[in-house]
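Across the two complexes that follow, subunit A remains constant while its partner is subunit B and subsequently subunit C.
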Partner chain A sequence: MSTSTYFAGSAAPGETPRTPRGVPHRGGEPNPSAGALQARFPGAVQRVDVVWGETTVVVDAAQVLDVVRWLHDDPQQRYELLADVTAVEFRDPEQPLEVVWHLRSLAYRRFLRLKGLLTKGAPLRVPSVWPIYKSADWLERECYDMFGITFDGHPDLRRILMWEGYREGHPLRKDFPLRGRFSRSEQLRQTLAANPEARYSMEELTIAEAFTELPLEVRKRLAGGERTGE
Partner chain B sequence: MATTKRTVEVAVATAGMGPDGRLQRTPLGMGADGTLVAPEVEHGYPPELGGEHMLINIGPQHPATHGVLRLVLELDGETVVRCIPHVGYLHCGFEKIGEYRQYNQIIPWTDREDYLNSPGNNCAFALGAERLFGIEITPRCTVLRVIAMELSRIMSHLVWMGTTGIDIGAFTPFLWLFQERERIYDLFEQWIGARLTTSLTRVGGMGADLPAGWTNMLEEFIRTFPKTLDEADRMLTKNAIWVGRTVGIGALTAEEAMNHGLTGPMVRASGVAYDVRKDFPYLDYETYDFDVPVGTRGDVYDRYLVRLEEMRQSVRILKQALERLPEGPVNVADPRVILPPKHKATSEMESMIHHFKVVMEGPRPPVGEAYVAVESPKGEKGYYMVSDGTSKPVRWRIRPPAFVNLSAIPKMVEGHLLSDVIAINASIDIVMGEIDR
Partner chain C sequence: MGLISRPARSAESADVSAGQESWLTTRLDLLVNWGRANSLWPMPFGTACCAIEFMATAASRFDLARFGMERLASSPRQADVLICAGRVPLKLAPVLRRIYQQMPQPKWVISMGACASSGGMFDNYAVVQGIDTIIPVDVYVPGCPPRPEALMYGILMLQRKVMNERMADASLRHEIVPDPSSQLYIPPSAIDELSEPFGNSVHQTRSGL
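This part shows the complex of A and B:
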């Protein structure tokens, strides 16, 4: 434990970062990593925007894993922190869905936003960045839960905030109903009819005696690969 | 048989003196002939308790899970083999609600996610919205927000320290620390009228300026608070039980912590000096003189030390903020977002129309997006807002630090004892309102 005066990453530049002032709406100095990305992945980078001083690089969603791996590993970039994975759906139904990755390089004190565009109507699939950042685990699960985007290569893509058996869709999509589809009495009926074994996931039910204590019929269904949930 | 990270010392066989010159205590069992004999155990390993694994469910209704967290644990004896966390019991769809609210109407919702840090969330949201509107706040407002954010950091850390103490078995510091927290709540009550759900800020300014005499109350708090902190420090830092329960527990290396996306005191305890206030400053934090405490072991004990020191550093910042607090307007002179004075709105037609339009239609930021992160007591709290030019955001995303910190809990608890799960879970400083949103 040391209360040292501050030191950042090993390759921190000498100058102290300052609170941004007078940031223009559009334009301004882009993050140097954007140019490096364009040089390294000319096919994948579709657009570079600077909005309110933050650099956004729109990349081909299918190649995002390679892009992110390079950003993480390259000694000139060192984006070691994946701050956030999320998605944006616009009110205009024609506009594509955007998957957003927020990356931070602590060594160079840079912030970079990656975006992948997913056309509506086509399957919503992007590669998972979990092999590089373990923090993507829950963030991608939440994004899947809320938007229905499938992250290929994620080891355990389940719902996280909603429960596993939730069948009403994905809450943050614009077509999600705001008032619910069922009456209160129907909701109550469904809750009471829920399967008790739905409290545990398949994985958990395999532990120790929990599995053998279940009714035979339930065991058969679980062994047949059925997922739990009401 | 899983290996335990803490070896359970079992003293064996020969009665008499140990190497330290004291009488050795020998655990005894019953032999076949009815005599008491020492059990045959290999030194340094816990006795084999059979290969059966057990499924243990903790929560969601459990006092040590700090809300409605549920952990499903697979145990081998007392050792955790696997931990499967479940969240979402408190999900209320804050982000969805935000898409149907004007920017100023979202501020009360930020009170309710991380409810131990309401003023800090208010300031963070206002900063994000101001970036989206392209507004520069006044110098007085900047310093007022620093005061609010540091007070709320102390407030949140006090709750953390008190409740973690209770989880590990120390009750007294809880009472002392909550008395101090009560004084901060009194300060906020004087300032804005609310204690827990403060809604302190507005886009472009604050809900209220400081009342007369408030700075004297804050000075009094700054003068007396470190004494209580020192008392709690003396109660815990060298306490044998506290040290025994926390040192070496739930340790993460700097690389692991970074890779799991940990931020705030969690990552700093592992030795990474990442503090948003220093690395990506806001509210002129680069002009304040304060240090960032950094741990070395990355265990529960270091997380405690880091948070303890952070409170002292917050007091330092508060002192400097009070010294430099400038006079002047609190709200920006921008009629797009700021209401006209009340007496004008009730007496002049133009001001009344202005008031009506700001309230009913709401301010409209230009098309764009902004991600503004601040150093909340839990870590990097980010608000990501996307505007399509209307008065309500298309997307309002909360980057919850405790959510990402909690996702590393299987990594931290596996291999530890069941009782350590409680200590590790406490050390993450979770607030389920923020995790489930």
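This part shows the complex of A and C:
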């Protein structure tokens, strides 16, 4: 990449970032990392799209961990920030479900969007990028909660937005009814039967350990049985 | 605008002639309700944009303190009126009900805004369609979100309702008794243990009225 060319969201090192003008809807110069990926992983990269100046690389979902690890570790790429992990489902039942990773290279001011395609009907499984980016933890949990995609290698894959024991499925799937699968009264009955503290033991909830950290005078008063209050 | 429904002349009689001990007679209901209505401590349960309007109501321009409500009790155990401002997701429903159960009697609930009252535009899988499906509600304030004037009007309506209560009417103080067989149940001994180091006001006693 010569120092005079630029594209949306990026600039060469040492160059002042400029607001891109006249960016075409489709086409244009892709992020140089896309070409580097094609050279490094010829089998994994399936397609490279440039939309509104942003580069999307469609990779083999099974190899995404290797691809992301290389993008993170290679000194010419240095994608240090995982901005988002999400998924897209299309209304067309033939069209595969897309898992999307948004990566940003702070050092080179580059933005790269990775997509992995998952065929509907088959089990929805992709490798977790948690070993590389710890920020993937909650993002992948949300993706699992909303779409039911299993991230292999995630340390604690459970629901994050819906409550534990939510039994109606994954709300952002296209076959999920807007008002949920159960009746309103059944939804209310189930949620009121849920225990908000189900994930925590009584030992985790208690604040008895905090007693030793209180000022001596307060500890004395409390040990004497006095109740504070107004 | 300070006091609502000043006691009628016939309901009280006082002798304040100089040099003598003053005395006053009134109905006990009236006196107690007058005290309660003008010192409601709200528990703000703000989940959305209605909470912003509630903050404006409590701030200096609209000044909730005029109605004896300047003391916001963020602990349900010190609160009289629960103001639910904003949409309540189903995940929050058991939390809201537990907060209501933790409030000591007498207690009232204001449902502020369209979402708290009916689910509003969020007619979907995640949002409770009106908090009256979880807890009893005394006053509904419409609006999306209601302006501070609307909330204050609702508060004045609640004060009028409080003024008309009878202590002898036990149905007003009907309590949802926690069911020991439910997953929600925490025995009182465990609540004591949890609140011990900081002396939660659960140990306070009320007048018993």
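The criterion applied here is as follows: the second predicted complex is superposed on the first by the 176 of 230 C-alpha atoms of A that agree within 3 Å, B and C clash if a C-alpha of one lies under 4 Å from a C-alpha of the other, contacts with A are read in each partner's own complex, and residues count from 1 in each chain.
Going forward, a contact is a pair of C-beta atoms (placed from the backbone, for glycine too) under 8 Å apart; a residue touches a chain by one contact, two chains touch by 3 or more.
As the structure is a computational prediction, the values presented were derived from the model and not from experiment.
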item: Contacts of A:R167 with subunit B and subunit C, given as first, second, both or neither; value: neither
item: Partner chain in contact with A:S135 - subunit B first, subunit C second, else both or neither; value: first
item: Contacts of A:Q187 with subunit B and subunit C, given as first, second, both or neither; value: second
item: Touching partner for A:V88 - first (subunit B), second (subunit C), both, neither; value: first
item: Greater residue coverage of subunit A in the superposed arrangement, subunit B or subunit C; value: B
item: Touching partner for A:E80 - first (subunit B), second (subunit C), both, neither; value: first
item: Contact residues common to both interfaces of subunit A (with subunit B and with subunit C); value: 161-163, 171, 176, 178, 207-208, 210
item: Residues of subunit A defined as touching subunit B within the complex; value: 1-8, 16-19, 21-23, 25-26, 51-52, 54, 56, 80-84, 86, 88-92, 100, 102, 104, 106, 109, 111, 113, 133-139, 142, 146, 159-163, 171-172, 176, 178, 200-201, 203-204, 207-210
item: Subunit A contact footprint on subunit B (complex, rising order); value: 52-55, 72, 74, 82, 84, 87-88, 91, 93, 95-96, 100, 131-132, 134, 136, 258-263, 272-275, 278-286, 291-296, 302, 305-306, 309, 366, 368-371, 373, 380, 382, 384, 386, 388, 394-395, 397, 399, 403-404, 406-408, 411, 436-437
item: Touching residues (chain side subunit A, partner subunit C) in the complex; value: 161-163, 168, 171, 176-180, 184, 187-188, 191-196, 198, 202, 205-208, 210-211, 214, 222, 226-230
item: Footprint of subunit A on subunit C - complex, ascending; value: 78, 90-91, 93-95, 97-98, 123-126, 128-129, 133-134, 182-184, 190, 193-194, 196-201, 203-204
